[in-house]
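Got a structure for you, questions after.
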Amino acid sequence: MKDKAKILEEVKTMKKVATRPKCLSDRTFHYCPGCTHGVVHRLVAETIDELAIQEKTIGVAPVGCSVFAYWYFNTDFSQAAHGRAPAVATGIKRSVPGSVVFTYQGDGDLAAIGTAEIIHAANRGEKITVIFINNAIYGMTGGQMAPTSLINQKTQTSPYGRDSETMGYPIRVSEMLSGFEGVKYLSRVAVDTPANIVKAKAAIKKAFQTQLEGKGFSMVEVLSICPTDWGMNVPDSKKWLQENMIPYYPLKEFKAPKAEDAKGGE
Amino acid sequence: MKDKAKILEEVKTMKKVATRPKCLSDRTFHYCPGCTHGVVHRLVAETIDELAIQEKTIGVAPVGCSVFAYWYFNTDFSQAAHGRAPAVATGIKRSVPGSVVFTYQGDGDLAAIGTAEIIHAANRGEKITVIFINNAIYGMTGGQMAPTSLINQKTQTSPYGRDSETMGYPIRVSEMLSGFEGVKYLSRVAVDTPANIVKAKAAIKKAFQTQLEGKGFSMVEVLSICPTDWGMNVPDSKKWLQENMIPYYPLKEFKAPKAEDAKGGE
Amino acid sequence: MASKVLMKGNEAIGEAAMIAGCRHYFGYPITPQSELPAYLAKHMPKRDGVFVQAESEVAAINMVYGSGGTGVRVMTSSSSPGISLKQEGISYIACAEVPCLIVNVVRGGPGLGNIAPAQSDYFQAVKGGGHGDYKLIVLSPSSVQEMADFTVLGFDLADKYRTPVMMLSDGYLGQMMEPVALPEATNIKKYDKPWATIGARGRGQNLISSIHLVPEDMEKHIEHLYKKYAEIEKNELLYEEYQCGDAEYVMVSYGITARICKTACVMAREQGIKLGLLRPKTLWPFPKMPISKLAQSKNVKGFISVELSTGQMIEDVRLAVNGLKPVELFGRTGGVVPTPNEVLTNVKRLFSIK
Amino acid sequence: MASKVLMKGNEAIGEAAMIAGCRHYFGYPITPQSELPAYLAKHMPKRDGVFVQAESEVAAINMVYGSGGTGVRVMTSSSSPGISLKQEGISYIACAEVPCLIVNVVRGGPGLGNIAPAQSDYFQAVKGGGHGDYKLIVLSPSSVQEMADFTVLGFDLADKYRTPVMMLSDGYLGQMMEPVALPEATNIKKYDKPWATIGARGRGQNLISSIHLVPEDMEKHIEHLYKKYAEIEKNELLYEEYQCGDAEYVMVSYGITARICKTACVMAREQGIKLGLLRPKTLWPFPKMPISKLAQSKNVKGFISVELSTGQMIEDVRLAVNGLKPVELFGRTGGVVPTPNEVLTNVKRLFSIK
Amino acid sequence: MGRVIISEETCKGCEACVLVCPAKILKLSEHLNESGYHPVSCVDQSKCTGCASCYRVCPDIVFEVYR
Amino acid sequence: MGRVIISEETCKGCEACVLVCPAKILKLSEHLNESGYHPVSCVDQSKCTGCASCYRVCPDIVFEVYR
Amino acid sequence: MSKKNNKFPLNLVIAGFGGQGVLLAGKLIAEAGLHEGREVSWIPSYGPEMRGGTANCTVILSDSEIGSPVVENPDVLMILNRPSMDKFLPSLKKDGICIYNKSIIEGFTPRSDVKMIAIPASEIADKIGSTKLLNMVLVGSFMANSKAFSEESLAYALKKSTSAKHQNLLPLNEKAILEGAKYI
Amino acid sequence: MSKKNNKFPLNLVIAGFGGQGVLLAGKLIAEAGLHEGREVSWIPSYGPEMRGGTANCTVILSDSEIGSPVVENPDVLMILNRPSMDKFLPSLKKDGICIYNKSIIEGFTPRSDVKMIAIPASEIADKIGSTKLLNMVLVGSFMANSKAFSEESLAYALKKSTSAKHQNLLPLNEKAILEGAKYI
C-alpha cells in the first residue's frame, strides 16, 4: 500500500508509455488466464485509437469466446451468427460505405462453418478488415477440433489425435485466400512474444489502413493460444505455438497494397 | 429410308467404333440443343463402362440442369440439395467404403452455395470423384451470374456485365483446391473440340482411377457451354469458350497421383 | 390514379420495394422468384441502390441482418428450400429486432419438390421455422396488385415495429402478370432509427445482438418482443370477407387459392348455396376474432380451410372456431392447384350439400 | 437388469446409439450437446464406427442424408441454432424417406440466445421448421434413462417407417447425470433395406431423391407420406398419465418440465388439490385422444400447458380439448426453469384455486 | 472408310457435329423432326472416315460410328 | 528507468509477463485476489526499464507503464 | 373503352415447346387486352429445362375482376406442338376454338365439337424470314377469330413488348400476324 | 443397501468459479450416493467461458424417484467463492448447512438460522500439495456433516471418477477429504 502510493507519486513526473486504449471499456475481459484474445483486442483498440476512427467503426463478432467483444470495444457492434460475420459485415459496409467495419473471428468460425462467407467476401473484395484468431481449436464450446488443428493434436473430437486420413489436413487459410484478387492486405502474425506482438500490431494497422484507403479486403491471421482447451499452462502454450504452429503456419505478409501495385500480390 | 436400309446392311460387316455407353439409359437428354452436359455424361458413362464399376457406383447430382442425371445413368443415385453433393457423397462413401462415388456439380452449385462443402471434402481427402461443370453461369434457374462468370459477362443478375468492384472476380476453383493435400487428382479440361473431349475423357478416367486406388479426393473441372443462357448459338458458344474462358481458366493437370508421389503436387 | 402496367408479381415486388425506399437487396437465385432479383439487378444501379447476389441463402439473410441493422430498408427473397436455409438467420433477426422484408415465393415441397405454386410453408412462416420464441408478421397477397401494395406495407410495418416481415407468396403470384397501379412514392412513411449501427458518432455504443446469456435477461427480452407482438395483433390485422353476411358455409383461404375460392363462391351462389369466403391478408396476426364471430353466428354451419397443403392453416382456423362448428379441409398439395369447380364440388361433398 | 451407471444425458444417447447398432455419426459442435460428439469421437473408433465432425450443421445433415440413404443407422445432433440450419436438409430427408435420428438438445432462443434449457423449438420440431408438407416423429425424453431408451426407439421407428425421427431434449437433460440401465444389445431389431443406394449390384437403379417435377406426382408422393404418418399416429403414440384418474386440473407437460410438474402434483395433493399430469412421450404423434377423453370427463375443470416457451404445445392441447374446457398456459422462456412450487402457485392462480 | 448411323429423332439440330466433321458431309435437314428440330443428316456416307469426331462432340449421342 | 502500475484485481496470474520481463522483477504474489488468482507484483520497481514488454504480452491490460 | 361484351371473360391456353415463343404470345394478348381497358391475367407454366421442354400459359381477358387465374376449360386453345395437342385438346370447351401449327402437328384425332383451325405456321414463318415468327402467326389467327381486341391494340402491345434494339423487327412480326389473321 | 432415511431427499448446491472443481465435487457425491443404492441426480449450470466465470451444480440424493432435479431451497450449500455466497446463501433452507471456503470468502453477512461451516480450504489444499484439492476438502466436510454416505462409498466414487493415469493422485485426494471431514 505504501509502495503503491510512492509509485503513484513518482510516475506523476514521468511519461505514460503504455496504458489501456481509449477505445476499450473498463470491463475486465472474461477470457481465461493467459488467453491471447485480450492481447489482440488491445491491438485492435490501439489501432482504432491511432487512426481516430472509433466514431465510425462497427465491429462484428460472431460466436466464439469473443462473442462478447462488444462488452469491450467502445464502438458500434453487431453480434453475428456462427461463421457469418463476413456476410454481416458486407451488409453493413454496403449500407454505410463511409464506415470502418471489422470482423473478429475464430478458426472454427471462419475456417469451418464460415468457409463460404469468408471466401466470397474476400473474392468480392469487400472493404472490410478481418481479424482471424487461429488458436487451432474451438474454444468456446470446450475444445473440439478446428479445421486448423494440427496433425495428431488431441481435442475433444479427435481424442486420439487428428488423423489426416479421416479428418483431413490443417487448413492454411491465408495461403488459400492469398490467390484472390479482391484481397489487398493479408498477413499472418503471432502474439507469443513482445516482438511478435509489435509486428502483429503493425499488420493490424496496415489492414485497417487498407480499408480506409478503399482498396479492398484485408485480413490478419493471428496465431493465438488457448491454454484451457489445449490443457497447458501459459508458458507451455506459447512454446507449443512456437514449436508446432509457426512451422506449419509460417508468419508472413502475403499481400500488401504496395507490393500489389507492383506485382499483383504473391 | 432406302439409304438407311443400305447403311444398316453395310455396317453389318464393319466394326462399331463409337456407340452409346452401356451405363447410359435410352432416355433422350433433356438438355438444350448443343449443351455439353450430354457430352460429359457420355464421358463419365464410358469411364464407368471401361472400369467395369457400374454395379458399385453411386452418383450424386445436386440441383442444376443436371439434377435429373439419374434418368440417364444406370447406377444407384442420390439427388442432393443445392451445393451439398460433396457432403452427401461423404456420407455415402463413409458408409459403403467399397463403392465408387461421384458427384456431378455445376459452378453455381459447387463454387457458390457449396463452397464450404467442396473445400472440406477436398481437404478431408474424401475418396470421391467430383465432375465439376464450369459453364460460367447458372443454367437451370435461367442465367444468373455464377462465381465463375467472367468480368463484363452479362447475365440476368449482372445485366451491365460483371463488375469486379462490386461482384468480385471469377473464382478459379481448381487453383484454389490444388493447395489441399487431400486432393490427389485435379485437372481442368474443356469439351469444345474432339481433341479436347478425348483429353477430358482421359482426365475423368484418371480421376475415377484415383478413387479406385483409394488415394484420395479427385476432381475434373470441365469448361462447358450454355448456349441458351449465354444467348448464343452453338458455334459462337464454343468460340466464346475458347476465346474467353480458356485464357482465364487454363487447361491443365494440376495434380496426379504419380506427380504427387514424387513432389507432393504442384 | 396512376395508369396500370402489366407486370409479373415478382417484378411488382421489385418496383414497389424501390418506391418504398428500399435500396438494398441481398439474395440468391431460385425459381420461381428469379424475376425479382433480375428486376432489381437491372434497376437498383439506376437508383444508386445496392444489389448483391450472395453466395448462398445463408449469406444473404446474414447480409440482411447486417444491412437492416444500419437502419436502411433492406429485403431478400427466395423460395421454399432457400427459406429453410434462412431459418437460423431469421431467428436472429427477430431476436435482434432488425426490420426487413423477406419474400417467400412458395413452391411445391418438401425436399427439392418442384417449382409449382404451393402453400405448404404456412407453418414455417406463421409458427416459426427457426428456433426459439418469436413471431414474424406474415403478409399474404392474392394478386399482383397486392404483391406491390403489401411490399410497401411490409417495409412500413417492419420499421414501425422494428421486426422482420415475411411476404408469403406462391409460384403463381410470382410468375403471373396482371395490371398494377404502382404505389405513390409520396405516401411512404419514414422512421427514426436511433438504434442503428452506423458508427457511434459521439453517442454511446449501438448494438445489434441476440445473445442474452442470463436466462432471466433473455426472458425479459422475449417478454419485450411479445408485448410488441401483442400490439401488432391489436393494430395490424387485415382480412377480407366475401359473401359472409348470410353464409352457411365459410371457406377460409389465402393467396392465390382465395381467388379460386372467390370464383367458387360465385358459382355456388348460382346453385343456391350460401358459400362465403374469409380471406386473411395477414396470416400472422391471424383473423382469429372475425372467424370466432362467424363461428358464433347462427347462419354458419361449418368452415372449410382451402389451402395448397395437407392442412396447415386449418389448425389456426380450428383454434379460432374452438369447437363451435365443424372445420373441414380441402387441400391440394405438391404444386397442384384446384379449379374453382373442384373447390365447390369438394365443399359440397364435405358438408353433404346437394 | 444390468446395473446402473451414472451418466450425462448426452452420453447416454451416445452409448445407446452404439448399442442400437449406429456406427455413423455426423455432427458439428454446439453447447449444450457437446458431450455427445465427444463421447462418440472417443468410442466409435473402438467399434469400427465412423465419427465425422462436419464443417457445419448444413454439411452434417447432408452427410446424414447420404449415409442414411445407404441403409446404415445414422445420427446427428445439435442444438437450436444448429437445428435451424438443418431445416432444408430435414425437409429433403423426410421427402426422400431417409431413416435417421436427429437430436436437438434445445437451448434458450431465438437468436444466439443462451445455453440454458428451453422447449421453444416445439413448433419447429412438431409443425415443421422446414418447407413443405411433412412430419417428423418427435420423441421427448424426460430422464437420462429415457435419453437412452428413446435413442433405441428412435432408430427402430426410423427404420420401421423409413422416416426421420427427432429427439427433442433440452439443456438440462443433456447435461444432467442420473443412473441409467443401458438397453440390451440383444433386443435391437433389424430391418431389410432393399431401397438403399449401395451400388446396383445387378439389380435396377436405387434412387434417393426428393424431386417430383410434375405436381400430380409430387402430390401422390406426399399422399404416400401421409398414409405412413397416419399409420404412425395409430401405432406409435406414447404418453404417461400421472394422478389423472380423479384430477380436476390436468397439466400437460413434457421433458424436463414434466418432472417438475410431477413434484408439483405431489405438493398439490398434500394441499388437497386434485392436480394431474399428462406427459406426452411422443410429441408427434401428439396424445390428442387421451387429452380429448380427459376433456370429456366430468371431473376435469381445466388444463394447463406447462412449457419452457411462450406457449407452443398449448396449441396442440387446445386442438385436442376443442373448446370443451379452458386451457391455460404456464410458460417460462429464455432458459428460465420454474421450480415445482412456482408451477403449483401458478396453477392455483390461473384457476383461482384457494 | 467409315459409316455413321444417325438417330434423327434424338437430334436437336445444334450443329456441333457439322462444325467438326473433317469430311464436311454433315448437314442439317430441311425437314423437322417430332421435337421440332432440323435433324442432321449425312449427305455422303462414302466420304466418311469413321473418325468419330461427330460422336465425340454430339451432346445427344445421335451417332453410331462404324469402321 | 521505468515504473509500472499494476492493477491487481484484473490480473489472472497467467505469468505471461513474468516470462518476458527482461529485468526479471515480476513475480506472482502469495496472496489471492478477489477472483481467486495470485496476482503479479513488481518486486523491484527501481530495476524497471519501462520497456513495456509486460504491457504487450498481458492479455488483461494489467499494466500501465511509465518512463 | 370498347366493350365487346358477351365475348368475355375469354379464357385462352397457349401451349408448345419452350423456346417457341408461347409465353410471349400470351403476353402480347394480355397487353392488347389491357390496352382496351380489360382486366387481364397471364399465368405461365413450364418445366425446369430452358428449351425442349413444354411450356404453356393461360390468359384471361375479362370485363370484371378476375377470380381464378387458372382455367379448367378454356374457350380458345393455341397449340404449337404435338404433345400439347394431346394434353390440352380434351379440355377445350365445346364450341371452342383450337388454333394450331399443323406444320409439326400430325396424326392426332381432331374434335368435331370444336372449331379446329390448322395453320402451316412454321412454313409461313420460315417464308417471312424466321421460324421464330411462328408464334406471331398464331396470335394473328387468334385476333381474327376471337375479335378480342383490335389490330391497333395488338400493334401497340407488340411495340411495347419489343426492346429498343429489336424495334426494327416489328414489320416482320406484323406481317406474320397479318398472315395468321387470314386463318379464320 | 443402507437406508439412513429421513435424511433424504437431500438437496445440495455447490457453487464457485469455473475451474475450482465444483462439478467434479458434485459428481463424486452423486456417485457415492448411487453406490449406496440411492436415486441421484446431478445438474450443472455454468457460463460460456471455461474459467473465471461462475459454475454451480445441484445434486439430489433420494430414496424415491426424483421429480424435479431443480431445487429452490437446498438443504446443504457448498460455496467456493464470494459471488456464489451472495447468490445462494439466501436460498438455503432454515436449519440447513452452509459449508464454505473461508480462505477467499470474506466480508459477507452470515445467516444465524443455518449452520455456517467455515473452512480455510484453500490453505488446507495448498498445504496438502495443490490448490486444486480445495473441492475435496469441502466434499470431506459435506460427508461428515450430512452423513449421506460412508467414507468407503466416497472412496469408491473417487476411484471410479479418476482416470487411469491419475490414480496416483488418489491418496492426496483422500487426505484432503479427511482434512475436510474434520470440519463439522
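To keep things simple, chains are lettered A, B, C, D, E, F, G and H as they appear, and every chain counts its residues starting from 1.
Just so it is clear, a contact is a pair of C-beta atoms (placed from the backbone, for glycine too) under 8 Å apart; a residue touches a chain by one contact, two chains touch by 3 or more.
Computed from a predicted structure; not experimentally measured.
Enquirer: Return the chains shared as contacts by subunit C and subunit E, ordered by label.
Expert: Common contact partners of subunit C and subunit E, which must touch each of the two, are B, G.
Enquirer: So which chain is farthest from subunit D, going by the mean of the CA atoms in each chain?
Expert: E
Enquirer: At what distance in angstrom does the C-alpha mean of subunit F lie from that of subunit C?
Expert: 60
Enquirer: How many angstrom lie between the CA centroids of subunit F and subunit G, rounded to a whole number?
Expert: 86
Enquirer: So, what's the distance in Å between the C-alpha centres of subunit H and subunit A?
Expert: 40
Enquirer: For subunit D and subunit F, let me know how many angstrom lie between their CA-based centres, rounded off.
Expert: 53
Enquirer: I need the residues of subunit B touching at least two other chains; which ones are they?
Expert: 31-33, 67, 79, 81, 112-113, 115-116, 119-120, 140, 142, 147, 166-167
Enquirer: Give the residues of subunit E touching no fewer than two other chains, as numbers and ranges.
Expert: Each of 12 in subunit E touches at least two other chains.
Enquirer: Quick one: which residues in subunit D touch 2 or more of the other chains?
Expert: Within subunit D, the residues that touch at least two other chains are 31, 52, 55-56, 58, 81, 88, 92, 96, 112, 115-116, 209-211, 213, 337.
Enquirer: Would you mind writing out the residues of subunit C in touch with subunit G in their complex?
Expert: Of all residues in subunit C, those touching subunit G are 4, 6, 31, 115-116, 172, 175-179, 256, 259-260, 262-264, 266, 337, 339-342.
Enquirer: Mind pulling up the subunit C residues that touch subunit B in the complex?
Expert: Answer in residue numbers: 28-31, 34, 37-38, 41-42, 45, 51-53, 55-57, 81, 112.
Enquirer: For a test of understanding, state which residues of subunit B touch subunit E in their complex under the given definition.
Expert: 3, 7-8, 10-11, 14-20, 24, 28-29, 31-39, 42, 191, 193-194, 197-198, 227, 233-235, 238
Enquirer: In the complex formed with subunit C, which residues of subunit A make contact?
Expert: Touch list, subunit A to subunit C: 54-58, 60, 67-68, 70, 73-81, 84, 87-92, 94-96, 98-100, 116-117, 119-120.
Enquirer: Would you pull the subunit D residues touching subunit C in the complex into a rising list?
Expert: Residue list for subunit D touching subunit C: 58, 80-85, 87-88, 91-92, 94-96, 106, 108-116, 118, 120-121, 123-124, 127-134, 209-222, 226, 309-310, 312, 315, 318-319, 322-324, 332-337.
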